Structures are given as structure tokens and as C-alpha cells.
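One chain, subunit A, links the two complexes that follow: it is found with subunit B in the first and with subunit C in the second.
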Partner chain A sequence: MGPNLGVLETLTAQDPATGKVGPGLASSWTISPDATSFTFHLYDGVTFSDGSPFTADIVKANFENIQKLGPTASNSGAYLAGLTSITAPDQRTVTVAFAKPNIQFLQATSAPALSILSTGSLAGTAADRCTGKIVGTGPFILSSYIPHQNIVLSKRPDYKLAPSTAQHTGAAYLDKIDIRIVSDVTTRTGSLLSGQLDATNAVAPQDEARFDGNGFSVISRTLPGVVLSLYVNEKKTILQDQNVRLAIQKAINRADIVSTLYSPHYKPATSVLSSTTPGYTDFSSQLTYDPITAKRLLDSAGWTVGPDGIRVRGGQKLALDVIFGQPQSLELVQQQLKQVGIQLNLRQLQISQIQPQLVAGNYDLFLGNSSRADPDVLRTLFKQFAIVGSDSPALTAALSKQAESLDPAARQQAVTDAQKIVVSNAHVVPITEFAQVVGQSSKVNGLSFAANSSVRFYDAWLS
Partner chain B sequence: MTVLDAGPLARRLAQALFVLWGAFTGAFIALYLLPSDPVTLMLAQRADGPSAVIDPRQAAAIRVEYGFDQPVWRQYLTLLGRAVHGDFGTSVQTRESVSHLVTGALPQTVGLAGAALLIAVPLGVALPVLSACSRHRAVSRLVDSLPAVGVSIPSFWLGILLLQLLSFHWVVFPATGNTGIRSIVLPALTLSLPTAAVIAQVLGRSLRSSLGSAYVELAKAKGASRSWIVFRHALRNASLPAVTVAGLVGGNLLGGAVVIETVFARNGLGQITVNAVTNEDLPVLLGLVVLAAAIFVVTSLVIESVYPLLDPRIRRS
Partner chain C sequence: MNEYASAAVPVRRRALRVGGGLVRAPGLTLSGLLLALVLAWALVPGRFTSQDPLLGVTADRLRPPSGRHPFGTDYLGRDLYSRVVHGAAPSLKATAVAVAVALVAGAVIGTIAGYLGGWIDTALMRVMDVLLAIPGLLLALALVSAIGFGVIHVAIAVAIVSVAGFARVMRAEVLVVRNAMFIDAARGGGARRGRILLTHVVPNAVGPLLALAALDIGSVLLTVSALSFLGFGAAPPAAEWGQLIASGQTYLYAAWWLTTFPGLTIALVVLATNRVARALEATAGPSW
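Let's turn to the complex of A and B:
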């Protein structure tokens, strides 16, 4: 995941520690009781780095532009799905209305995809913006951008406001940031160790020890959203049996996967949502490694151990196909499942080959995850895409309820219910949490993570 | 001195255009008929990569926008029509215009290849000449064995080795970036060594056969010095195959840039190619193939016009 450049800002800001949405460019907001209409009250006196004022009309123009972009605005368009009207009664007020209750929209207004661009940036083409012609209200200005090579940011000295998630207000501490795009992990590690870089993200687990003490340190944050999981195709006869699904769930030794392949910065999954996702509830008691119960469940489902150790029932082998783009930890999962008599066939595919297989339902398991710092990610996965064969009415009800609940406690309850249904019925088999791992030199201070776990530079300084 | 008159020149240009059209058509057939789905890839990479689930309706809508839903022959004619006007469409991955993307990266790669040639040609010529001029057989043997080593070293390995030594261990040169002369030293050196080795191998071989010819014996009999014979007589005759190879090497440098630019994180054609291939970015790949064909065509035209300067027999015929 790339860093948060701090060039553009959003209407709201999500606190990474609590998941709560606080003021950003909007100082406050009201939501209609049915969660269909959102009215934002904007801060006065905010300007873009080109000097133009930040107004309600510009917010309206930004959202309208996303609608105009249509399907190419893949992330932002999804956040605005079902939008019926945007009105700006005065220059400090914007009201966004949806056809259906849509409480996720509040968190969406803190997501980078719904950042507010200046009128000048909106006037250009999408291609212009993609090549770096963007002007925002943030603490940094994009000085230069060479695709695949580097991004240079410079401080905006007259920056006044700061989002509610920041540690200070006013101008940023760093005058200039040079972000290099280095795809080779050896080059990244070597460049940091030799002092050519001050910090690097995506540190490989095996390199973490090299940044321990000796003038370096490692900071990390778990990615929010659906953890790395096996999505189960419940349209397949074998997997319609809950005992088989639960056996897979219990046969996986998550702690072993983390200690063998990852580092302490990565965590075993304790729910279908990761621990940094708002609304997360700990279901670790249901995700413990329990091969004895797994074997018992398979026995009671009529699967008996065959001569080669793989279970059989009525002449059919208990063999499952998993499709994926990158194996992550699948080789180890394969060995663990074999211990209880399940054969896992690894079918590695290109990204473009995976999706047609998913649509056709031509798989047993799919290794997936989905990042977002809002529990609505579950609704997207289970209702919108409907790739998971489960059509549990209780799950659908819980997911609809969380989308409609204005009251945080009621929403939390619905989200907990949804996680409980998914985990206890093994509609999804959670494996591990992903993490953003950053290595930094001891000169670097105040580097922090946003709610979506991207790196933020605003509070950072060099000693 | 007229190198080429108008008739052959027009013929050569027509041939060049035919080669470009052939490259375009061949690349189109290969890229558009093989199974690929740049749109799904783009959507997946904006989400969670290979572990994301993509909305098929959204992918279908974008495919319409890029015209990927049209019959193949119509896509071909549309693209060819645009390409004639220098428009290769936009990248599916970044939405940047392909011509803009390629022309923006071209100077970086040409600079890198140029710097590599500046090292490779003198080095590739110096080694065989040194060997030929040397009176000690041991020195000649040692020098003659170097090109084989140079050809065998994989450039990604050499690049990482140079980085470890001269950038990470002793911080002499920067590991990444495109700014300043110092940043080009390591990548250019890495790229030049295999090229220098190829030139040295070809030149060394033809120099040895030239030195065995009758006119060299005659020059020796007249009392000419060893270096006079090498520089005045043998080198010029021996250089024809080396010049031919140097033309091919120009193309190989572009290929080598793919590896070098990835290792040293430099923006350039190589880096763009790697990204376009991994993302199945068809418009960008098509543009790159046509550019590569254009570079080969121009290089061979230049090489052909250099021959007459070296060889009077070609000049007279």
C-alpha cells in the first residue's frame, strides 16, 4: 500500500486508534434518522494550495465528477453507489442523499478515494490527474511525479487547519519528502541500511531483524478489513456440509503459519475482520487449532481415512481446489489440512484468470482478502458480489441492519452478529492478518499510520 | 561522396515502413488474440491485488469504454488508423497517453544506453587491441579470456553485486534515482560490461584472422612496428563484423534496460515494459513493440550507411 501523500484532504478523518470518524474539512455533520441523508458543515477560511477557496460547490463538483467518471472510478464510485442528490444550499453546507440507508458513507468521506480536488484539477482530464496534476487543501504540495520512479512533496508553509487525527496544527515539519518507487526488496533494504533512504515500507519479514536496534526500528500496523481468508464456495456439495467447513477452520494452525512464514508484526486471524477494523469482535476461541475436533467432525460427516491418508466417502476423495494469485501461506495450509485427511490442490492463476473462475463458481476455495476501515466491507463481499455461496437469511439481515443503524451501539451489535455467523458457520475460513511494516532510521520521528494503515508524513520530523 | 542515391533510399524507407507495419500487426495478433484481461487486472490492483474480488459488471463497463468488446478486426483497424497518426491510445493501468508515457521515458533509457555504449565501445575495442599489441603470450591469453567471462555474467546478478559493494557497503554511488551523473554510473556499468564483451569477442576474432593475412606479412617484412600494423592495417579490416554487431547491440541494450531499470529503480522504457507486461496493458505493449521496431529499423539504416565509409569495395559497387 502506498503512503498517504497529504496533498489532498477529506471531509472527515478517521482515528486509527478508535475507528471513530472526526472532523476533517467538515467541522461537523448531521445524519438523518433513516441514514439516507448526510449534511456536512464545512470549515471556513480553508484554501487550496493554488489560493482558491474551499467551498460547498467544490465538494458538490467533486462528487459529481466521480459519478461522471462512471465505472473507471472503481473505488470512489462504490462509495457513492445509490446516490440520489447532492445539494449545496450555501457555501458552508453540503447535503448528500442516498436512495437507501447507507451509514458506511460517513467513513467513506474519510477515505482517500473521496478526497477533495480543486476546481482547476477537476477541469483537467482524468489522465492529467493520474499524471500528477492535482491540487488540494493538504499540508503538502505535489512538486513532481514521475510514474514508477518517484514523487516529490514539498511543505505548504501557509497550511493552517489540520485533521482531527493529527498531533499538531499548522505547517508540516518536513520541508520536502522524496518518495522513491523501488520494487526490488533487496534494493530497498540496502538503501535504508546504507543511509540513502530514511524509511521504507513493505519490509520483508526476513529483513525485519536487520532493522532491530543498530540505529533502525520497525513500526507496523495491521491492515483493516477482511483478513486473508479462504472464501468457501458453498454451491459445491462437499462444502455445503458445515462439518467439513468447520473441520478446515479447525485444522489450520494460524500461530504456526505466523511463526514459520511471517514475524510478530503479523497476527493470526481472530475473526473474519482484522483487529484494526472498526466493529471488530474477537472470536479467537472459535479459531483455535484443534485437529482432534476437525477429525471428529469429518468422521461424523461420513468421511473415513483412506489408504493414502486422504479421507473418502462413497468412493469420492476429500480433495478441494483452492484458486489464488499468490500462494501467501497456502503450502503450509496444505500440509496442515493433510494432517486431518483433507487434500488441498493448489491452483495458482493469473489475476485475470481468477475472476472468470469466481464468476463461474469453478473453485472450492479462493484465497482472498479485502481492505477497508469499515465493517461494511462484509456487506460488499457477501451481498454485492455474492461470490460466497452462503445465502443465510440471518447474515443478510445482520448486514442490512449494520448499513441502516445510525446508533453506534446498534451497528456494533449487527456487525458482531454478522462476524459470529460467518465464523461459527465457517462461511469464510480466516487465516492471518496482513500488516503494513515500515523500517525507519532512528533519525525519523513521528511517522504514523492512517486508519487504512497507509503511512502519514504530516507529524513526522528528522532529528 | 554519395553514400546512397535517391532510388535505394526510397526503397529502404518503404522497407522500413513495411517492417513497422509488420511489427504492429504481429504484436496485435499476439496481444489481442491471446487470453488477457487488462481491465480486471487494473481493477484488482486498485483493490487488494490477486486476493481481491472484482465486480464483473464494472469490468464489463470499462471494457466497453476501451473498445475491448468490439470485434477483433474492427479493433485492429481502429488502432492502426490511430497509430498512423501517432496515437496509441491510453494505458489501461494509469490512464496516461501511451505516446506521452513512452516519449517521457525514452530520453532516460537512451541516456542510459548511450552511457553504456560510451563505456562498452572503448572497452570492447581496447581489449582485443591490447591482446594483439602485446608481446607476451600470457598477457594475450588472459586478456582474450575476459570477454567470455563478461558474456556469461547475468546482468541482474552483476547489478546486485555492484549495488552491494559500491552503494550499500561503501556508499560511493546512489542505489536508486535518475538525478545527476553519479546515479547513472552503476546502471551504465552493469549494462555495458556484457555489451563490451560481445564487441571484444567479435573484434578479437576478426583481428586475429586479419593479422594472419598476407598483407600483414608484407607489412612485417617492410619493417612496420606491431602497433602500426594493428592500427593502420588490421583494425580497419577487422572492424566490419564488429560494426554489424554494434548495431544489434543497440537493440540488446534496450532489452538489458528492462533488467537494469528494475534493479536500480529507474524510470525508463525497461521499467515501463515490465509494468506493461505484468499488467497485460495491451495499448502500452503495442506502442512499445512499434517503438522497438522503429529503433531497430533506424539502427540498421545507420549501420548500413557506415559500411561504405569503412569498406571501399561497398563504396564502389
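Let's turn to the complex of A and C:
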């Protein structure tokens, strides 16, 4: 995940520690009792870096623009799904209404995808904005952007407001930030060690030890949302059998995967949601490594061990096809599943090839994760994208209930129920919690993580 | 007439003199021995290592080279030497298939073009020119993206890329042989076209083609390894040489041996094939 550049801002800001949504560009808000209508009261006196004022009309125009973009803006579009009207009764008030209860929208207004652009930026095309023609209300200005090369940010001296999650108000401390885009992880490590960079994100787990007490350090935060998991295609006959799904779940040794491939910054999954996701509930007792039970479940499902150690039933081999983009943890999962007699065939694909295979249902398992600091990410996964073949009515009910519950306790209960159904039926097989790991030199102070685990520069300074 | 024709067929089989070669050509002998070793790895990997290339002890991961693990262990604790030895088979298989397909296809295309001539020649050779005009690795990448991943697909893609060189050499040889006296003689003797082609033209033209094939093995192995490095080859956890380098790439700081040993293996094998091919070329060159 890339850093939060601080060029654009959002209506609200989510506290990474508590998951609570606090003021951003909006000072306060009210939600109708049926969770269908959201009224935001905007701060007065906020301006964009081009000098134009921030108003309710601009918020309205931003959301309408996302709707107009349609599938081009699938990420932000998903947050606004079911939107029926946006009204701006005065320049300080915006009301957004949905056809159905949609409590996730409050957290969505803190997501970078629903950042507010200036009128000038909106007037350009989406392609223009992708080449860096963006103007926002944030503490930094995008000075230059060369795709695949670098981004230069400069401080906005007249910045006044700061979101509720910031440690200070007023202008940022750093005058200029030069962000280099270096895709090779080894080069990033070398550049930080040699002093060409002050900080680097996405440090490889095996390189973390190099940034330990030698003028460098590592900070990290677990990614919120659905953990790195095997998404099960339950439209396949073999995988409709819950015993097979549970056997896969129990045959995976998560602790071994983390200690072998990752570092202490990464954790074995303890639910389908990661521990930094609001609404997360610990189901680690159901995600223990238990190969004996896994074998018993496969035995009872009629899969007997064949001559090569792989199980067979009625002449059919227990061989599953898994598609993915990043291979490493799967080789270990493959070894672990083989121990109980399941053959995993790894089919690595280019990112562009994955979506068509998912749509065509041409896979048994898909290795993926889905990052968002809101439990509604589960509903998106099961209902909107329909990657997962499960059509369990209990799960659908729990996911709808959490989307409707204005009361935090009621929503928490529904989210816990949903996680319980997913884990105990192995609709998704959780593996590991991913982390955003940043390496920094000792000169760097105050780098912090947003609720979505992206890096923030606003409170940072160099000593 | 028959006597004339057979006397003019100079199919020569000059064996390499290996005896005493270590003194006269140490590089050649070492290269030969290395190739023999790698070939043996591919055929009977179990004789060279007793450790499982696919199953490691995760507690022993990323161990540097030692007596127990001569090339060290990888990120899953698998013995790297064992993976390199077992990786010989898919890497060499892809190379062999690619060279063989390119050789046969090139020979057929070159023979048809050279012997028939006319517009068929023009059409076939222009297609070959187009293949030559596109950078090899780029074309191979495009082809393998289109036909799919896997060792055999990689081999076919590389074969298509290499076919033009073979077709050109074969055509040139066929053009020379076609106008030789003994062909006229065979034709005068009433032999049919197909018979002349198969028994007289092809055997006499194929020598330089084989020398080219030997020379090509090195570059084909490099292309195959490059494609496997990019993830188009055998699916993990299989151990193809290029893929071994790729998987060690992110461990450059933590474990230098992961990239060094497979890299050295590829480099040495390519150098050795080139050395041997040059010796073959010197003995099996055209003789008329």
C-alpha cells in the first residue's frame, strides 16, 4: 500500500487505535435512525491549495463525479453503492441518502477513495488526475509527479486545520518530501542503508534485521480488513463439502508460516478479519494447526489415501487449483496440505489475468486479502464481488444486520456472528495477517500510520 | 551412375578425440565433463543428492553453505544443492525441446525454400525475416503470454524465436547442394524429386545445421532461464534454474547463496556448451 500523501483530505478521519471515526473536513454529523441518511456539517474557512473555498457544493460534485465514472472508479463506487440523493441545503451542510441502511458509509468518508478534490481538479478528466493534476485541502501540495519514477510534495504554509487524528495543527513540519518509486525490494533496502533515502515502506521480512539498532529502525502496523486467505470457490463440487474446507483450514500451520516466511511484525490469522479491523473478534481456537482432525474429516468425507499419499474418492484425486499473484506462503501451505493428503496445484497469474479467472469461476481457491478498516469489507467480499461461492443464508443475514445497525453494540454482535459463520464453516480459509512495515533512519521522527495502515507524513520531522 | 552419386556423398563422422585432450585442450575437456555431469543430474538426480528438493525443514531455513548443505538452504529450509540438481531436468528439457523443435522446423522450412525456390522461397524467407527482426526475448515473452505458462510452452515459444536462424542456414546449404554435380547426376538417373531431397540434399546440408544447433543451446538455455526467472516456467515448488534465481532475488542481503549458485550453474553450463559447440563446429563444418 502506498503512503497517504497528505494532498487530499476526507470528510472524516478514523482513529487507527480505536477505529472510531472523528472529525476531518466535517466537524460533526448526524445519522438518521434507520442508517439511510447522513448529514455532515462542514468546517468553515477551509480552502484548497489553489485558494478556492471548500463548500458543500464541492462535496456534492465529488460524489456525483464518482457515480459518473461508474466502473472506472469501482473502489470508491462500492462505498457509494445504493446512493439515492446528495443535497446541499447550505454551503456548510451536505446530506447523503441511501436506498437501504448503509452504516459503513460513515467509515467510507474517511477512506482515501472518497477524498475531496477541488472544482478545478474535477473539471479535468480522470486521466489528467492520474497524471498528478490534483488539488486538495491537505497540508501538502503535489509539486511534480513522474509516473513510475517519483512524486515531489511541498508543504502548504497556510494550512490551518488538521484532522482529529493528527498530533498537531497548522502547517506540516517537513518542507519537501521526495518520494521515489522503487519496485525492487532489495534496491529499496540498499538505498535506505546507504543514506540515499530516509525511509522506505514495504520492507522485506528478511531485510528487517538490517534495520535494527544501527541508526535504523522498523515501524509497522497490521493491515486492517480480510487477512491473507484462501477464498474458497464453493461452486466446485469438492469444496461444497464442509469437511474438505475445514480439513484445509486445520491442516495449515499458521505459526510455522509466520516464523518461516515473515517476521514478528506479521501474525498468524486469528479470524477472517485482522486484529486491527474494527469489529474484529478472536477465533484463534478454531484456527489452530490440527492435522489429526484434518485427516479424520477427510476420512469421514470418503477421501482415502492413495498410493502417492494424495487422497482419492471414486477415482478422483483430491487435487485443488489455487490462483494467486504472490507465491511464497503458498509453497509452504502446499507442503502442509500434502501432509494430510491434499494436493495443491499452484497457478501463478499476472494481476490482469486474475479477475477474468475469478469471474469465470475457473479456480478452486484464490489467495487474496482485502484491505479496509471497516467490517463491511466482509459484505463486499461475499455479496458485491461474489468471489466467494458461499450463499449461506445465516451469513447473508449477519452481514445485512451489521450494515443496518446504528447501535455499535448491535453492529459488533452481527460482525462477530458473521466472522464466526465464516470461520467455523471455512467459507474463507484465513492464513496470515499482513503488515505495512516501514524502515526509517534515526533522523526520521513522527512517521505514523493511518487507520488503513498507510504512512502519514503530516506529523513527521527530521532531526 | 549410382557409383558416381554415392562416391560424392561426403557424410563425415569425425569423433572427438578426448584421449589426451586434458593436456591439449583443457577447457574443452572440462566443458565436456561439466556437461556430462549436468546431463547426469537431469537423468538421475537421486544419485547426486539424497535430500528432498521440495520438502525442507523450516527450522533450518536460510542456512549458509555447509558440509550438510553445500549450496545452503532456501527460505523454506530446502537444500539448494538438491534443488539445483533437480532443476537440471526441467531446464535442460525445455532447452532440448526448444532446440529440437527449432532444428526440425528450421530444416523443413529451409529445405522447402531452398529446394523449391520461386515464390514459396520468397514467402517463407520473408516470414523468417520478420521473426529475425523482432528481439528474441520480447517475441518469446509475447508468445508465452499468449499460449500460457509451463515448461513445454516456454520451450515452444523459444523454438519459434530460434527457428529463423536454422531456416536460413538450411536454405543456404540446400542452395549449394542443389547445384552440386551429384544432384544433377541423380536427377539424370531418373530419381524422383522427394527421393533426391531426402537421400541426397538433406544429409549433405544438415552438417552446419547441427553445428548451429550446438551453438544455439547456450543462448536457448539463457532465454529459457530468463522466461522462467520472470515466472513463465514451471509452477512452484518445482525448481527450474531461472526460477531459483528469481525466488532468491529478494534475499540478496539476507542470503547471497540463493542467487549465486543457480546463477553460476547457468553461466558455467552456457560457457561449457559454447566451448563444446565451437569444437564441434571446427570438425563438422561444410566441406565443399
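Here is the rule we use: the second predicted complex is superposed on the first by the 461 of 463 C-alpha atoms of A that agree within 3 Å, B and C clash if a C-alpha of one lies under 4 Å from a C-alpha of the other, contacts with A are read in each partner's own complex, and residues count from 1 in each chain.
The working rule: a contact is a pair of C-beta atoms (placed from the backbone, for glycine too) under 8 Å apart; a residue touches a chain by one contact, two chains touch by 3 or more.
Quick caveat: nothing in here was measured; it's all calculated off a predicted structure.
Partners subunit B and subunit C fit side by side in the overlay (superposition on subunit A).
With both structures placed on the common chain, the touch criterion links A:186 to subunit B and to subunit C.
In the overlay built on the shared chain, the residue A:123 is in contact with neither subunit B nor subunit C. Using the contact criterion defined above for the overlaid structures, shared-chain residue A:394 touches neither subunit B nor subunit C, since it reaches no partner. In the superposition on chain A, A:462 contacts neither subunit B nor subunit C. When the two structures are aligned on the shared chain, A:206 is found in touch with subunit C, with no touch to subunit B. With both structures placed on the common chain, the touch criterion links A:359 to subunit B but leaves subunit C unconnected.
Touch criterion met: A:334 reaches subunit C, while subunit B stays clear of it. In the superposition on chain A, the chain among subunit B and subunit C reaching more residues of subunit A is B. Rounded to the nearest 10, the angle made at the CA centre of subunit A by the CA centres of subunit B and subunit C in the overlaid structures is 40 degrees.
After overlaying the two complexes on the shared chain, residue contacts for A:99 are found with neither subunit B nor subunit C. After superposing the two complexes on chain A, the shortest C-alpha to C-alpha distance between subunit B and subunit C comes to 5 Å. In the superposition on chain A, subunit A positions 186, 190, 328 are in contact with subunit B in one complex as well as with subunit C in the other.
The touching residues of subunit B, counted against subunit A in their complex, run 35-38, 40-41, 43-56, 58-59, 61-62, 65, 90, 94-97, 100-101, 104, 160, 163-164, 167-169, 171, 174-178, 262-267, 271-272, 275, 280. Listed in rising order, the residues of subunit C touching subunit A in the complex are 54-55, 58, 61-62, 75-77, 149, 231, 235-237, 247, 249-255. Against subunit C, in their complex, subunit A makes its touches with residues 185-186, 189-190, 204, 206-207, 209-210, 256, 259-261, 327-328, 330-332, 334-335, 345-348.
Partner subunit B is touched in their complex by these residues of subunit A: 70-72, 74-75, 77, 126-127, 130-131, 146-150, 180-184, 186-187, 190-191, 193-196, 228, 231, 324-326, 328, 351-355, 358-359, 366-371, 381, 384-385, 387.
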